[in-house]
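Beneath this line is the structure, given in structure tokens, with notes to follow.
Chain nomenclature is as follows: A, B, C, D and E, assigned in order of appearance, with residue numbering initiated at 1 for each chain independently.
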Amino acid sequence: MNKKNLREEIILRSGVNPKKCMKCGKCSATCPAYDEMEYHPHQFVNMVDTGDIEPLLNSDSLYKCLTCFACVDRCPRGVEPAKLVEAVRLSVIRKQGENHLTANDIPALLDDETPQQLLVSAFRKYTK
Amino acid sequence: MRKLSLENINKLFAAVAEDKTLYLPVDQSDGSAKYSKWAEGTVWSNALNTVRSPKDLFFPQTEDLMEFKTEGKNIEVIDIRKESEDFVIFGVRACDVKSFEVLDRVFLSEPVDSYYASRREHAVIVSLACSRPSETCFCTTFGIDAINPEGDVSAWKTATDIYFKANTEKGEEFLASIEALTEESDDTAVNEQKAKTADIMKKLPLADLTTDSFGGGKTEELWNNPVWDEFSQTCLGCGTCTFVCPTCQCYDIKDFDTGNGVIRYRCWDSCMYSEFTRMAHGNNRLTQKERFRQRFMHKLVYYPENNGGLFSCVGCGRCLSKCPISMNIAKVMRKIGGDK
Amino acid sequence: MQRIGVFVCWCGSNIAGTVDVKAVAEALKAEPGVVYSTDYQYMCSQAGQNLIIDAVKEHNLTGLVICSCSPRMHEATFRKTAAAAGLNPYMVEIANIREQCSWVHKEMPVGTEKAIILGKAAVAKVNLNTPLTPGESPVTKRALVIGGGIAGIQTALDIADAGFPVDIVETKPTIGGKMAQLDKTFPTLDCAACILTPKMVDVAQHEKIRIFSYSEVTDVKGFVGNFDVTIKKKARFVDETKCTGCGDCVDKCPMKKNPNEFNMGMDNRSAIYIPFAQAVPKVATIDAGACTMLKKGKCGLCSKVCGAGAIDYTQKDEFIEEKYGAIVVATGFNPISMDKFDEYAYNQSKDVITSLEFERLTNAAGPTQGKLLRPSDGKHPHKIVFVQCVGSRCAACAEKGKEYCSKICCMYTAKHAMLTRDKYPDTEVYVFYIDVRTPGKNFDEFYRRAVEEYGVNYIKGMVGKIVPEGDVLKVQASDLISNKQLHIDADLVVLAAAIEPDKSARPLATMLTASMDTNDFFTEAHPKLRPVESPTAGVFLSGACQGPKDIPETVSQAGAAASKVIGLLCKDKLTGNPCIASANEMMCNGCSSCERVCPYGAITYSDKEFRMPDRTTQIRRVASVNPAVCQGCGACTVACPSGAMDLRGFANNQIMAEVDAICK
Amino acid sequence: MQMKEYKPLIVAFCCNWCSYAGADLAGNNRLNYPADVKIIRVPCSCRVNPMFILRAFQRGADGVILCGCHPGDCHYTSGNYYTRRRMAMLFSMLDYLGIERERTRVEWVSAAEGAKFAATMNDFVAQVTALGENKRLEDLRCKR
Amino acid sequence: MQKITRDQLITKAVELLSNGTVSAVLGWQKGEFDYDITPAVFTTEEEIKNNFVYNDFCGANFSKYLVAKTKKLEGKILVFLKPCDTYSFNQLLTEHRFDREKVYAVAIGCEGMADVVKLKNKVDGIISIDYKDDAMYVDTLYDGTVKVDYADVLAERCINCKSKKCVAYDELMGEDGEVIDSARFDEVARLEAMTPDERFAFWQNELSRCIRCNACRDACPACTCEKCVFDNPNSGVENKAPANSFEEQMFHIIRAYHVAGRCTDCGECSRVCPQNIPLHLLNRKFIKDINECYGEYQAGAEVGSRAPLVDYTEGDLEPGEVFERGDNNA
């Protein structure tokens, strides 16, 4: 997938318009995982916007985002960086196509003690 | 006299409709009858008569006369008349048949109204004798014989059959065209029914109404009759009586700008309306009393004066049943003529 | 039959770029009544207007159709042109082939076709136009200024100086407004009070100015030149004519624990109070909600100590009705509420304050006598964080903030930071900003001084959250330049809250029938060319009620509004809009439907004798329209079933002709 | 027969103070909307007589839209409140007679809402285009 | 409730005429067939005694006549008003259409009037009618004497009578009734529940019968314009005949719209229509919409009330929301 298509796909998938960003940095200011991240929320937005997505795909930052949505909540322009991070994350997951865990495997793992939510997020995070 | 079983009446209609448009009274959703085009499945109404008279078929309520088109600043006049198609109008009562004569004298005298004339030429009128007249009927007052209606063909309907007799060449042709469906018959059954109906006619509440006080030359005598004042007081000035009347023939010519040209059309007008015959100086008749008087004087005095004594009322009774306030020509005649 | 001339304007390439103007002129030649048709590059230019005037004379034209820009732009221009050519100005119709044609359609055939249709509609209308003559109405030579802040004060002074009486209506007990609460003013650092209070005194002493303080406008009727306004003087329980403002009552009042609005609630005032020392009028006011005498009928101390005998517990709200020729709205602004900005902990810590509160904290007349002390513990703050754009430029949070830039925050924050560093050099000052906007005379220089000379730390980035912890405020923020997340333990945080129009503006706008934008700022008649007038004739705008403004801008707009008012009040008579309703008495049946929908009360009924068609005379009740009062909305024309009521200039047959032409 | 792309004819009545100005603003901002929309300027939306609307349909309009100031913002205080009632009743009646309700609309567009004006017109034109020609309230005499 | 009789009314009319209270009486004059009763102005005792009638066919609403009659008359005119007529009477007063001082109004209780069309659909050749307590006995040309229950020929407007309460009078004869919670909107609701195609077909069928005789307008007590737009050549909508289906619709939409909020639902329009078009269903649609959108409103219930279409509230429904409301009902 070329650079431009990836950008479009991420924008489409996330429903986020990075052009709305006015570069105030409030997302990064509010981010609890800031220090863990190589690329910070505002950079995500900027890098997606400029199509500089390759570094993001290869960065740990994708999995450091807690999806706590603080950035979404605080952003004064309604940019919703967390959704963008999620969309980039999905690009990685879908690209690899060699998931350790497939959706079909999940039912077998279900037991009454484990909340289903946990499995789903685990499925998301650890199929890398 | 030709006879047809009523069971086969639709076969007759189908045969007629094959080469001519056939109009006959058909019941509408509100229960009243209207002259409508026959098509497969259409049922002939049993009603005594239609609300709108058959004059619609010769002199429709609105009729486009011609069209003007403008191109830049040039005007082109387009004759949009179409030659009328042949048609048959079936089941016309004696009163309504008579109304055609009233209309003819207006429209067919010089200058001939070619729109009307064309339709008259192309029509075959099949009349139908009455057997159950209504209390509002008073055709006899005007010398009309409901039992022996005129028309190109006269018809009588009994409980089981319908009988036809041609009165004109057109009528002969018509009967010839349906010869295969009908059989020759004597007039016994018809005469029997005629006698019965004649008895009923005598009992009608308006049977005693006469035209003695009316006719040409009565203008001055009747002009200041108090009835006009009295009866016009509550007249609403609507046009119901004139629009259901089979003989009212007044119309207005108007232009309609369609945006792409102008259509000149005519539409019925009513002497009951305040705008009727309005001219540059204003209206001729300024009050409802004058308009009210005009309508009845026209029917009963002016028209006979100009048309050899022919009254332009045929006693069909439509205005009697349709006037919103039940004011009508019978009441006027009664009041002026006094009870016999 | 009219002799109509059609004039198609190119508007340079604005119209001619998308509309084949020659084709339009040619097509319209064939329309009924059109005897002349032409095109020209700029119809509104002098040359264009001369072309029209010459054509009128040469071709004996009786009506004009100008195919050009919006009638809202140049209708008046071309009406004047028509008048100059000897035509009645109302024999002109404009076909809007720019804003509503060439500018919104891209393809030449499409634009041309539509332009022709719009032209035809205009021709169809002009064919039915009749010459109209405006009526005249007198002008009440008195102005009303609503709002007594610096905008209202300046406007009132300027109008009064021109010799016209002015009334100021102010909801607060004193005039002065927000400026009175400020400490210093940027970029010159003048003391606000030093420059404002003399003006307040001028107002108080001006023989042409009356101040209705502690009052509000409750009803406005009438129209330009002739407004009837009802002013409610709220009961202040003190006779203004007797009170000397000595303050004895204030000292003696036992109910001292009421939040002091003037100091943003950071200290207390008594139930009877004078907002501040230089208040105008310097008259005490009793806070009815706080006074035990008024609430329970016990106390009465103030009455006892008042040497002037000014206290009157029985005072009632008083309604004053007055006529005005012009009304100036100067209702000003307020900082928005910080309640919804949880991330900044405004409601959790006393040490998170707004900039206006900071003004009071640094003002010598403020709660701390000008010493910068933390509201929580009264200690000197040593680390202060200023956060800009709190609630401004906030597109995603309509319920919290405002989409627009509040305009003044960058400068006052720079001022605060600079003054803090100046007075307390041991204090670290951080300013978090998105952009620093300093377009103004000496503004950027001022901001740069704050950075370069005073060492204010300007950090590009926003504060994400503030958490009070112990006696510090944990500030977490971005530094976008160094790509770091900062954690600062601040002693004091100052939020530059967005500003919004005063809440009283919306109901006032309804009373005045003046329009507002979605943010409740008053709309100007034209954003560039008529910025101080409301679209409603006779209503003018002054100050921040029209949009965020700093003091110099406010004062200049106030002066501009005043000059517009003076221009109006100078006239003895106003010529009205001739496009008004009129009743055809022959058709009117007197049913009163029109009277019921008329918002101006312009329709009255009278019994008149008529000669009827039957040559009798009859007395009939018929409607008539007061041409000075009617504004020409047309509500009555639709309420009238017979069409007896019609609107000149927008008559039934004219509009139907337009419909016909468009639908052809 | 050559199929011509169906273009509806839309008559838009716009009040002088808000919606007409809103349309001007749409123009100022070069916001496109179909040329099918033809604007008639009226002083206030309350000037629009139901007869004008029927007239437009008679003469070949496929849709009629009325634009006025937002309720509460009427230049004449209350004009659009009357419009609102009148049109609510009229449109309901048209609907009752079986005439497509999508052919009529009232929209409040302020002088500041150029974008809304353009969007509204785009939407309304699309809506009427989907309906096709006005057949139920047409006057055949006026068809070309 | 005892029915008001002809004799009672004659006594009242003669009394008021002879004692000088009134100088004319607006009443019902007998016709040719017992059912074709004409409204008439009586000025002498003799006329009244000879020609005044009152029976089940006295349906005409007299209130509109007052507009013209009060203008011409010296002194007062006596008018007999049925409950539904009293509403029209008030509505005309609200619109200042006549001088109240010139009218002496006697309200008369009403048990509903008969519909002559219904009767004629049942019975052919009516010669005379005898009004007995249990039913009317119709002497006919063909079927001898036919007994017809009053209920079977009760006019539609009376079946769905909205009120038997007399809301305006100088004098009341008989007992006053109550406002009735009638089912008069059921038929409107039935139409509303149809698909647009069905509704269109329904109204096309009905309106296609219109002959533009203007009876509906001329009988309507709310239509009191000096000059109707449909008669005014300058109005742009004038025509003397419905040229096509558009003009049929146009006329009836505008006719109903012009009386919307002012129509008292007296039903005269449908009664007088020679083509039996249910015109009241147009008026009732407006009344139903008004009631549902702007609160219950009965035109003519009180003098001086503000008609809904010359009124508003800031929170009124948007035109689009009116449809949504309809969808919920459907």
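Some points to look at:
Rule of thumb we're sticking to: a contact is a pair of C-beta atoms (placed from the backbone, for glycine too) under 8 Å apart; a residue touches a chain by one contact, two chains touch by 3 or more.
Source: prediction; values computed, not measured.
The remaining chains, considered with chain C omitted and nothing else moved, group by touching as follows: A | B, D, E. Path length between chain A and chain D in the chain contact graph, taken as the least number of steps between touching chains: 2.
In summary, the chains found to touch both chain C and chain E are B, D. C-beta contact counts were set side by side for B-C and B-D; B-C has more.
The most centrally placed chain, judged by C-alpha centroids, is D.
Centre-to-centre separation between chain D and chain E, using Cα means, comes to 36 Å. Averaged C-alpha coordinates give centres for chain A and chain B that are 86 Å from one another.
For this pair, chain B with chain E, the centres built from the Cα atoms lie 30 Å apart. Within chain E, residues 229, 235-236, 243, 309-311 each touch two or more of the remaining chains. Of all residues in chain A, none touches 2 or more other chains.
The set of chain C residues touching two or more other chains comprises 597, 639, 652, 656, 660, 663-664.
Under the touch rule stated earlier, the contacting chain pairs are A-C, B-C, B-D, B-E, C-D, C-E, D-E.
Within the complex formed with chain C, the residues of chain A that make contact are 20, 22-31, 34-35, 40, 42-43, 70, 74-79. Looking at the complex, you find that chain D touches chain C at residues 9, 11, 16-18, 20-21, 23-28, 30-33, 35, 38-44, 46-52, 55-56, 59-61, 69, 72-79, 82, 86, 110-112, 118, 142.
Chain B makes touch with chain E in their complex at residues 28-32, 34, 51-52, 61-62, 132-136, 200, 203-206, 230-231, 233-234, 236-240, 242-244, 252, 254, 256, 265, 267-270, 273-275, 320-322, 324-328, 330-331, 334. The touching residues of chain B, counted against chain D in their complex, run 256, 258-260, 263. Those residues of chain E that touch chain D in the shared complex are 188, 191-192, 196-204, 229, 235-237, 243-244, 246-247, 249-250, 253-254, 256-257, 260, 282, 285-286, 289-290, 293-294, 308-314, 316-323, 326.
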